[in-house]
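A, B, C and D are the chain letters, set down in written order, and residue numbers restart from 1 in every chain.
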């Protein structure tokens, strides 16, 4: 185990932790907005940590830039879809847990 | 060990998702499970050493099949407040025994095929040894275009036939279906499209070009391109029309027609049918096929015969 | 020369299909004619080639198997090609009126029709197991698109049921192909026998493929989808479905059985296939006897007549092969004629319920005549093509002293007589129950003429059997001697 | 390749699940899920049935499966269109009930 391996492992584990937190939030929070909040924030950070872990592991400039691109596209997709879902929920749905549960 | 765990996780996921897809409470959930099943299948292909299939499965199997199912679901819910009638599963006492029996049969067949002592396949060996002579690094592209070209040609014909048959049974509303009702405009969508559409086109072209020496090719590229089209339809930038304009018609047929015509030309010189006259022909046909595949899939999604500029376009 | 002709026989209709999609205006009629009418002439070239050298091999793209795909043309595939070309061109005469090329219906119909035609040509030429799968999928999708083209609820439902079963059938076939490839290392149908011994895995693979194909060809007890699909499709489509589409999968079974598995001992399985055929003959005929719609009767008659094609497996002699091939030919012509005539009657009367058809012979004499002529061939009365086929079956069974099959063939004719005379009796033998209403719609003369030509063809097949039978016996499967 | 064996087992179970779904499910879309699942199981077997050539996987079955995937999506797309039309005409997206005895 070299230092890079250690750093990679730490970053990946941290990333998985955020994903786990996001998923728990998705399952446990009461309504759409809380869920989106948990999901997007935690998952974006999780993706960033996983990507940077892999970047440290590879160290090649090409791979690193590809990973950066993946993170950016992931961010963009998450942002826009969270925005659309939130807007739809805001306009059309009551925010009680049962209703949002139905729509998921 | 870790890899074995990963495989185990994928396999358990596949089975669970498949079961959920056919038996979950609501149809909508079923669709979602099926899409995730497709994505997990892509992981499985990557694990058994088939990256081309992984890409195809992710783009076509999960992505576009899922989109088509969602849009069909939407047509079923159209004009009703409740979710579409989803009759209770048939009570069949035979279902479980038959399912277990056929699963066992397939398992026995599969395992004995896997562990039977066979020579490496002649056809595969021939492909790998012939491959030295042409400048195509990806044996799968070589098989699809050079050695088993007729399969690929007819496969593009199958896709076209599915489209024509779907058009033939389309209802009177054919064209202006609800799939084309765009979401209300928001600046976020514009920003997304401005970034994602060029990027998707770039990825499609990359996949097409990469197909000759590494995983990728016309089908994967076409499916990714179709994804961009689906996004444009959903955001109301383009919309379906009942009848296609000349440009769309040309695009729809480009792959099949160019493959047939280029395949017929060698006959004039006394060469065999489908003996492609050089690698340029491979690239030309692949590009045309990618366009046709993308347009056919987009039209199938839109549920129309043609495309026009949409409400938000 | 042969290569170019065969290439055009497959690609010309396919290109025409693309052209009808590209130019959906008033040129459709002309394009369809360009895609169909040269085919009978083009067929002369491969015919000459087969008469000259018996078997023609074409390695597509110049890559012979196992690397590439080969086309292989012998007497049987030539017969299938001629049958497909002839029947499709004649039905197209009829379809030209039901689906006018310049109408919206026509624009939906003709591309699929041309693709169906081209894909069946490609299927009978192919020597490659996987390529056969692709062509078979093409045939199925185009055929079901055509069944549902008028979007009547019954046809939609029948098409959907057909589609689900056909997809399942294809999967079974595909699994078999994969196993064969794993064992033999090649996909060439005609190389399997050289490459592998009949162990349990190859036999399982063959079984899977054949069960898949039996579903697609609606052999009893896997026939449940056929009557609804054939009975509710538009007239020209019913005609091609019964005349060709179910036959091409039986053709594939013959190929797998007698060429692919040449030299394997399949006696038990052959008897089982024969029994399925026997059950199909009895069940199909009895079911036809109790139907009250003309098209359903004709459809159940197809279930019964397909049974005869299964008798080839237990009899397995040169004579039986001639008989089965000739049955394929004459049934194709007769059944196409009967479905077209039934479509004309349905179109004119507005229903095809039997009790409402009394006296229809007064109004539509040509169609009823075509129906009767087709019926004569189905019954196997001399001098029809059906008679030649049944006679050869009887001779083959006699030669092998297979009395069971002999009784079956003779009895099958009687059962067919029962349901066909019931139809003709209701139509012709009710002097007082004249149809009082005016025809709902007039049929163009050519629509009846097309049915009549096919019916006369089925009868004429009885007079000109010698050259066809010679051709068939020049291309017997390995191991059969005349 | 022991993991391939695991996937072959998975294919067997998937095939069984597909058969079960095909029998039990009433809604046509579920039947399509089932058929697609069975298809994927068979694709796995296709790749598994032929051994590797000098260490690398045989490209031919992979090319065949690629063709198979495209055919599967084509057939599914047409089946969905057929189902939607059937639903519009009859109000049902199932095959059960009512027989097919309408006048042709």
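Here, a residue touches a chain if its C-beta (ideal position, glycine included) is under 8 Å from a C-beta of that chain, and two chains touch if they have at least 3 such contacts.
Just so it is clear, the model here is predicted, and its values are computed rather than measured.
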| item | value |
| --- | --- |
| Chain pair with the greatest number of C-beta contact pairs | B-D |
| Most widely separated chain from subunit D, with each centre as the mean of CA atoms | A |
| Mean-CA-position distance for subunit D and subunit C (Å) | 27 |
| Length of the line joining the C-alpha centres of subunit A and subunit D, rounded to whole Å | 32 |
| Euclidean distance of C-alpha centroids - subunit B vs subunit D, Å | 14 |
| Subunit B, residues touching no fewer than two other chains | 106, 109, 113, 118, 120-121, 123-125, 127, 148, 151, 155, 158, 161-162, 165-166, 169, 171 |
| Residues of subunit C touching at least two other chains | 130, 134, 137, 141, 144-145, 148, 151, 156, 159, 175, 178-179, 181-182, 185, 187 |
| Subunit D residues counted as touching two or more neighbouring chains | 45, 49-51, 60-61, 64, 67, 71, 74-75, 78, 82-83, 85, 89 |
| Those chain pairs that satisfy the touch definition | A-B, B-C, B-D, C-D |
| Contact footprint of subunit B on subunit C as seen in their complex | 3-4, 6-7, 11, 14-15, 18, 21-22, 24, 58-63, 65-69, 108-109, 111-112, 115, 119, 122, 126, 128, 130-131, 134-135, 137-138, 141-142, 144-146, 148-149, 151, 156, 159, 175, 178-179, 181-183, 185-187, 200-201, 204 |
| Subunit A residues touching subunit B - in the complex, by the definition given at the top | 73, 76-77, 79-80, 83-84, 87 |
| Subunit B contact footprint on subunit D (complex, rising order) | 1-21, 23-27, 29-30, 32-34, 36-37, 40-41, 43-45, 47-54, 56-67, 69-78, 80-85, 87-89, 92-94, 96 |
| Complex contact set, residues of subunit C against subunit D | 130, 134, 137, 141, 144-145, 148, 151-154, 156-161, 163-164, 167-168, 171, 174-175, 177-179, 181-182, 185, 187, 228, 231-232, 293, 295, 346, 350-353 |
| Contact footprint of subunit D on subunit B as seen in their complex | 3-4, 7-8, 11, 14-15, 18-19, 21-23, 27, 30-31, 34, 37, 41, 44, 47-50, 52-53, 56-57, 60-61, 64-65, 68-69, 72-73, 75-76, 84-90, 92, 94-96, 98-100, 102-104, 106-107, 109-111, 113-115, 118, 120-121, 123-125, 127-128, 139-140, 142-144, 148, 151-152, 155, 158-159, 161-163, 165-166, 169-171, 219, 293, 297, 300, 303 |
